[in-house]
Amino acid sequence: MAELLQLLVYGIVLGSIITLGAIGVSLVFGILRFANFAHGDLMTVGAYFALVVANLQLSMWVAFPVAFLGTIGAALVIDRVLFRPLRRTAPVILLISSFGVALILRSLVQLIWGSANQVYEAGIQMPYVVMGLRIKPDQITIVLGAVVLVTALHLFLQNTKMGKAMRAMADNVDLARVTGIDTERVVVWTWVIAAGLAAAAGIFLGMDTRLHPVMGWKLLLPVFAAAILGGIGKPYGAIAGGLVIGIAQEFSTLFLSPAYKPAVAFGLMVVMLIVRPKGLMGGRG
Amino acid sequence: MEITGLLSYGVFFATLAGIYAVLALGLNVQWGHTGLFNIGVAAFFAIGAYASAIFTTAPSDMHMGGFGMPFLIGIVAAMVCSGVIALLVGLITLNLRSDYLAIATIGIAEIIRLFLKNEGWLTNGVRGIPGIPKPLSGVIEGADELLFLGVVLAAMLVVYLALERGYRSPWGRVLRAVRENEDATRAAGKNILSFRLQGFVLGSMIMGLGGALYAHFTTFISPEAFDPMFATFLVWVMLIAGGSGNNRGAILGAFVIWAVWSGTEILTGMLPETMVTQAGALRVLLIGVLLQVILLLRPQGILPEKAPEVRGGMDGDTEKARGAGRGPSE
Amino acid sequence: MTANARALTVENVFGGYGGADILNGLDLRVGPGEIALIIGPNGAGKSTAIKAIFGLVKVRAGTVVYGGENLTGLRPDQIVHRGMCYVPQEHNVFPLLTVHENLEMGAFVRTDDFSHQLEMVYEMFPALVEKRNVQAGTLSGGQRQMVAIGRALMMEPSLLLLDEPTAGLSPIVMDSIFEKIREINGMGIAILMVEQNAKKALTFADRAYVLVMGRKRHEDSGPNILADPEVAEMFLGGGK
């Protein structure tokens, strides 16, 4: 029982990280209609931007905004230079392009920061022990951080004009355009939010494990699985999807080699695609 | 000495380029002709390589087999194994839209990579399978590599001719119709799933053939050789650069991009000592940028497809699998 | 609400979706405050005509002039600012947004206070009041059409383009939508619509165009067209 609860804790931590990535994938898919294969590497970029600050011995409170701005800037440049000119072609062309962007970002990270494992802070964190459960301070930061970000996103989507326009555009691009919504402005905001959340996910992943140039790419499959589980294009579904995938991956270690964790995410995704192609939350066609 | 060195490098270069050309032809059936988005090229490449290796190596207690079969049986085994797995994957995923298929294939590639790495009883895990025989070895003394190049080029030619024939046949026309306008093709009474499956399985079998050729060329394989990202990505760049939809383009793209890729090695060879560990990243970066430049400036590739256009049937709203799709910025 | 007296004039328009032209020299006119109707056989280019006016279909030749201003080649979001709004035939609401949010989206480009317009729409469609916080995708076909029309009214247009507003609706709901359209027209808003249920709509149309192969075949007042035996034979199901 204690072991199960411990795995649940790990699952929630991992699920929080996956959720932040999956929301971004889902938003980009909803608005721009393509699966962004560079999203995992955008997470990596965010993590390494924060590393620059951490290496200057500045607090994580400085690292976060720096990483946010850096990652958002990177996403906007990529969109302007590559994705925007390609948007007039088919979405699959964007997908191929994003595949290339993923490699470009990863090679850049490798060139700038090297391919060795790195950490934000040296030394081992002492976990709190609550009722036999070991919980590290960083893990609390991750889960709380994810809750705060998701809440902020919720308020933005529900209450601001831009948030509503984003939902409208995800709902029906053609109608958004004939309604007079400035779709390019919505696209910019989409990248701001997706890249911001990707940076947070990357930093949290770096805190939970280590920084490595392929850290984000390795999480891409679970992130996609979560987005699909939640019904891709639906940011709220991504939250449920993220937690399910995170917890399932941790629980799978009870009876499968941990090496197969990504396979668990994939298996769930495939089952979902067959059983309920619209995602956990169901919804319209 | 110089000349023989250059010559043997030329043979080495052409053999690998030929193997990549086979892979690009396989991808061309899937993406170029049928419009199926497979980012799991590396998986079928690996399955082919391992299948042929297990069938043709001498018995070993480190991995399954080997069964000591002849080279041709290895090739057949490679194609059958890739085909069967492609059939299973296809049955599950081919009814999905292209994004989901892309995500599914990358998942398959990852799982197969994990499987090859972790299931030592079958594959000897990370230690790999050594001693894969090279066909025609020793037939003419000192010409092993040259003879194998002949085998690779012959395989490439056979695949090319077969695909060209298929492409021009009524079957190929249906595949293109599926790609261009699914609804109209369905309305014409064609079983879309069946044609997509045929395209997917055939393409994967060709990739399996490429894998087998690779295994017999290097005579040693390990999971390292099948980094899903890298093998898949390079093949994609080759096909897009050469001209997707065009079989000659696929071959040309393979040779051109392989030359560029090999060229970057010469380039990074001139880097200072301290940068050597970064050389790989720099090469990948260059190829990534090259892909973007091609997509932006010449998306149809060096040799664009010249097929007689399949008329969609309905005017206007036909959403094409490629080409002028509708995007938010319009 | 006062709509300014602007007329729409479409002259000799050719255009389509990139392949062969669907519109082959279309001429039509909607006077200020009129209800104009486009009817014709399937594939005649009726919806295409409306889309071409609203900048959704490329106009290869010819002009679209509204209120003395040439709109040819403008994008829909630019046209919306000029007092013309469009309700597509299908997928004309944001299904996951609430009814209220749908209406708000209609006023997305407005920077002024549009609360009076929201009230006006709710007054016109009282059935939407209690559904205001319900997702539009869950509504019935008729209610969805109300949301769609209400959304288009949020910009206070002087001309409303409606693409088959009663498609797929039951006869009773159809009548109520027609009633609303006349009510909207009563406020001085001109209407240009494509309609399958032509007979009913012809009874109140100031002007009707019969389109064949992307060209105008007949033009007359609605009741006159209805009375024309040739038109009745060809396009209205043999005058049944």
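Letters A, B and C mark the chains in the order given here, with residues in each chain numbered from 1 onward.
Criterion: a residue touches a chain if its C-beta (ideal position, glycine included) is under 8 Å from a C-beta of that chain, and two chains touch if they have at least 3 such contacts.
The model shown is predicted, which means the values in this text are computed figures rather than measured ones.
Chemist: What is the chain whose Cα centroid lies farthest from the Cα centroid of subunit A?
Modeler: C
Chemist: Between A-B and A-C, name the chain pair that shares the greater number of C-beta pairs in contact.
Modeler: By number of C-beta pairs in contact, A-B is the larger.
Chemist: How many angstrom between the C-alpha centroids of subunit C and subunit B?
Modeler: 52
Chemist: With chain centres defined as C-alpha means, what is the inter-centre distance between subunit A and subunit B in Å?
Modeler: 30
Chemist: Could you tell me the distance, in whole angstrom, between the mean C-alpha positions of subunit A and subunit C?
Modeler: Each chain's C-alpha centroid was found; their separation is 42 Å.
Chemist: Name the residues of subunit A that each touch 2 or more other chains.
Modeler: Touching at least two other chains: 177.
Chemist: Show the residues in subunit C shared as contacts by 2 or more other chains, in ascending order.
Modeler: none
Chemist: What residues in subunit B touch two or more of the other chains?
Modeler: 324 - these are the residues of subunit B that touch more than one other chain.
Chemist: Could you list, by residue number, the parts of subunit B that touch subunit A in their complex?
Modeler: Result: residues 37, 39, 92-93, 96, 98-100, 102-104, 106-108, 110-111, 114, 117-118, 229, 233, 236-237, 240, 277-278, 280-282, 284-285, 287-289, 291-292, 295-296, 299, 320-325, 327-330 of subunit B touch subunit A.
Chemist: Quick check on the complex: what are the subunit A residues that touch subunit C?
Modeler: Result: residues 161, 164-165, 167-168, 170-172, 174-182, 234, 283-284 of subunit A touch subunit C.
Chemist: Residues of subunit A touching subunit B in their complex?
Modeler: Touch list, subunit A to subunit B: 29, 31-35, 37, 82, 84-97, 99-101, 103-104, 106-108, 110-111, 114-115, 169, 173, 177, 183-184, 187, 213, 217, 220-221, 224-225, 228, 232, 257, 259-260, 262-263, 266, 269-270, 273-274, 277.
Chemist: Which part of subunit C faces subunit A closely enough to touch in the complex?
Modeler: Touching subunit A: residues 54, 56, 76-77, 80-81, 86, 88, 91-97, 101, 104-106, 108-109, 137, 151, 155 of subunit C.
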